[in-house]
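Heads up, the next two complexes both have chain A, just with different partners, chain B and then chain C.
Take a look at the complex of A and B:
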């Protein structure tokens, strides 16, 4: 990537892969969320078993200038446990739906992790020193016989092997009747929102015993329910502005200054349906699975089943860009409905914020099936399909673009739609905030790719 | 890297259907459109009722599937005005529905009696308190404001009031034939439904207000949403639309003609000869897929015969 704006497309190379090699995937190992922290030094994943694994990037090795630091396991902890709701006789899954990092304020790192019902604030801190030389205790912890103590000494800190500890500092519970799908930290770094299917709550990070309900779309009569909230996010710069998307393909922008309960949107973003594409599944495929603001906050991106759309916040009636992720699936919607794939929730992400600012680049990334993922460059108008596969695991080998053959004669190296593996889906991807490093989660593996440095 | 050796992840038989994605406006392809709609409807019902996960089902998924079913129902209702089929009235929200919590999916099969002439129960109870009779009404006679259709609308005939009463009681009898199953899977679990129907039981949930069994399908749909979602059964929402509606979607009406103003008994005697089997035969030329392999339909028709006997006999 040669810098400002245009120039060459990024050449992505395999860097690392984390996770079991087994084809047999343990349910608990299924990755459910991926997130870089604000510096990019830490990369967190959450899985279906309720665990959080944090990887840390090695300090750059000056002698090995051809690659950036590798990511190695930094901390692993059990964030959520399965619970049982006795009232409804139903299990509450421990699966981590989202992780969001707080900006770093001191030596420790903080992140929010959430399952369907409960959000937790975790503190991750390092310990690399320990006090030694107690008067009453031996080094191994046994108490000394007081009669043997003849002198007093002051304990001193001595270095020890690095230990990373994760401790839950806040537990935000009992505020959601429905399943939490999003959490988003406000730009004031003091409050955050959590959204479930029908409601959005506003929390203060310090206060766990109450939250404010700011959006409620639950109808008085549940039979009239036809639309749910699918994602929500705070504006990156305006601390009173947030958006939420719905299962009907709409995005509402709300201003908390307007009223306590943001039932009336300030803006409604919706693209009229293309009548030529109308089908039984029009509504389902219009359901938005993810919404993300660009770094500047001027644009936002939404992901529905078949496409990624970029919206200009100043234009509500249609997106400024629409990228087709896997249009070849449009004729397969009935099968995808039957096998439930049509309900898969793909996420999307922007390229690193630094690059957006510095080079005015806007690239979006999103996943697809067969372990393919796609990138769209708004400036060059080019897109590419890549694959996360262990077969390409030679470091510094540039990933070869893939192509799916929709119909007709399949060219060499193309893959026909019917050969796609719909069990291999990439739902979660993340982009390093500063560098061209991306993390791509397959079912149970985490792939890290970097651009080829010259 | 080349393809993975032709791993097929789709159900093969679906491909035939996929290939025929057509719009309802294509004349000759209307049948395949109907078939696709039928398939999607079936799939949707199966999704809602086929499995009870240990965790709460996704509300988004449930809502989307429900919307799909609603849309198909609307379409069928609009088309229904052109045929004397029993796409029973879709009623607006009924205050009484709040009381109805038990699922009685079994009756949805019984509700099918598309064999019965529309005029047999042409009276539309105009008050919101619906009796089982409303189940068997044809849309053409429905005066529900929610339904817009082009079909001929005929005014309720006062002469048929007494018919309704006896009919209601007949239906009550039928109601007793099917005890409410504890799970809401009766639609998909055909054998279970069959068993329950075979055992008339007084312990059956018999709604004193005479709530239409049409709610069964409705409550079925609501059932998957756990109690904390504060779901109550409601009327109209797919109450009437059962598998049988799909089954008889394109029935040839020339099989039996009817005059909406004839007396009940006259109509009944006219209808008696029509049996489920004959109806099935009329369907055969309309579908490229054989209908009979679907077990639930076969059992439904047996039950239909039974109902007819009951109704005609009373």
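Take a look at the complex of A and C:
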């Protein structure tokens, strides 16, 4: 297993946990998205209450070379509020579905955050000085009587306690009839796409009153609807290429140069279903919940309910790799349908871009139940199950691999499938772009793990 | 794969999920309801195939056509299942649900749908058409979760007639608002009218030859934020029939013309059934294989077993249409 020591295997250690200790989870605190920025210095989370919390990594302390900097709260702001669409009599949830960072161009940081209907561009900037010494204003802001001014002075900037301000710079609204599930910034850093169940729109970051529809799968007759769009992402290098996944387990790659409306795909990635696995729930478990390109753009990864698949963009008829995340759940699909867990949308992520050298060091991470998360190493062919739990919270203690006993005699330290807590699910994980640092979100807590530095 | 639930329980659980999804914050989740409709279809297929198998076995034993389960004599496939399904355990009593829906429709802004009550009891006696009304009754009885004629992405408003004193009498009218085009459509007794297209040529001329124009080729429009407000004023008098710029609004119109033509030729009860079948059976070709669901011939009164399955498969989508 990874973590069992030896060679290039990563040994993961607990670093920090953020969030309430309470077992009673407030609905608004449920984490709905996690994302590192491009340098890894900032880590953003969004929650069901519409808030965004940004953590910043401390600068590395030379004396504490055994661990990297800790993440502390940098900024918190209310990104979205609940809204009511009076025309359609619909409530619009404030839950943050996705956050995506823009690469940093100046002192300020920018991110896109979206709920079901509206995308917002936020500017996060620091203020560490303020002007003092105005002639007509007191320090508290009250205006001075001009007749009392006897001398003039030039206001100067004086240092102040660091203040981090978040302000909405753009609001991209009214372009989606259905629920937005994805946003993805183009490699040109000027445009981005937003995808809902049936449509994908292309925006320019500077322009809010107009967007271009580039994919529309709404049938003329809604009775003929058979699939919806579940995720979409731009290619990391080719600014005219993007992919979108569907509830039917297919991925379509589209080229915007081919036509204005990319209704015809350039490539269709689909693996034929194994007929021996056919069940009432086949359609549900084949629905793709996340799609992510590798750093090079040569590969992409998809997550469906039970597995993670790695696809080579040059091969459409089957994935190059399939990892079973929790195959032991296949015989439990009925119960998981009853309690709605079968509809959980797990995300997946690659190891940091700097660590991916062609095909060799590709590692995949995804979540499961009982606060377990899984990693698959393409190179070593090994996988590991780890747990995000406050019980393992001694810093620098290596996490112990976990094992689920599917059937038969349960060995010591194994957990039987029936003891799994399906309310403890890890849907969102993120990997630092440069270091072996990972952020794992349980229901309302954020865990940060680092590899053991020797 | 083992499943601890039988098909019938799965069906009722699924219907319950669809029903409760209406109350969830954030509006109806199209994706989830689509997936639930697949489970419904799968469970129904299993249920039907089991019924057919059993009836076939019985027919082998009684080749002289002795009555089966007190159903009228008919080819087994078409007559199977529905009376049973009509007895599905449903979340609430049918009467109460309809009454509540009608009552609530008077209240606030919340839009509800009324199940299509357009299935008079006499239809139950029609041979080989039992299947349809039974299903639709079940679907209709499922309350707000079912019985509609539109699909996800559309909203219903209850259309109830309170003129008769005492208990509200539900006319079989369902009003649908398409979330995209904001076109309001009313289904009345199986007839579809597009409310805002009084000048719509195909709707107003139900020529037997089906002279309605084909749907505009799908050059889809750009979606401009804020455009909705502009187009609402335009919709009403739009000769194109209320579709907003570029969209193909006439696909349903062609079917409407057929409905009106067909029912003009047939007595009321059979026209109701075939209208319902046409509404539901013509689409959903994705759910059922394309070979089976031939949308070009929806109007035969007698349906062979395959077509019955195909058209009946559509009610699962109708369930999703809330």
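Heads up, the rule we're going with is that the second predicted complex is superposed on the first by the 444 of 454 C-alpha atoms of A that agree within 3 Å, B and C clash if a C-alpha of one lies under 4 Å from a C-alpha of the other, contacts with A are read in each partner's own complex, and residues count from 1 in each chain.
Assume a residue touches a chain if its C-beta (ideal position, glycine included) is under 8 Å from a C-beta of that chain, and two chains touch if they have at least 3 such contacts.
Predicted model only: the values in this text are computed from it and were never measured.
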Clash or fit (per the criteria above) of chain B with chain C on chain A: clash
First, second, both or neither for A:91, with chain B first and chain C second: both
Partner chain(s) touched by A:418 [first = chain B, second = chain C, both, neither]: first
Touching partner for A:391 - first (chain B), second (chain C), both, neither: first
Partner chain in contact with A:339 - chain B first, chain C second, else both or neither: first
Partner chain in contact with A:197 - chain B first, chain C second, else both or neither: both
Partner chain(s) touched by A:226 [first = chain B, second = chain C, both, neither]: both
Clashing chain C stretch [against chain B; choices 42-50, 204-212 or 240-248]: 42-50
Interface residues of chain A shared between complexes with chain B and chain C: 87-88, 90-93, 116, 177-179, 197-198, 221-223, 225-228, 230, 247, 279-280, 283-284, 287, 331, 334-335, 337-338, 340, 343
Chain C residues within the chain A interface of the complex: 1-5, 10, 13, 17, 25-27, 29-32, 34-35, 38-39, 42-43, 46, 109-111, 150-155, 177-180, 182, 215, 218, 220-226, 228, 248, 251-252, 280, 282-287, 314, 317, 321
Residues of chain A defined as touching chain C within the complex: 86-93, 95, 116, 172-175, 177-179, 197-199, 201, 208-213, 216, 218, 220-228, 230, 247, 261, 277, 279-284, 287, 330-331, 333-335, 337-338, 340, 343
Residue ranges of chain B in contact with chain A within the complex: 1-11, 14-15, 17-18, 21, 23, 36-37, 39-40, 43, 47, 54-56, 58-61, 63-64, 66-68, 70-72, 93, 222, 225-232, 234, 237
Footprint of chain B on chain A - complex, ascending: 87-88, 90-93, 116, 177-179, 197-198, 221-223, 225-228, 230, 247, 278-280, 283-284, 287, 331-332, 334-335, 337-340, 343, 370, 387, 389, 391-392, 400, 410, 413-416, 418-423
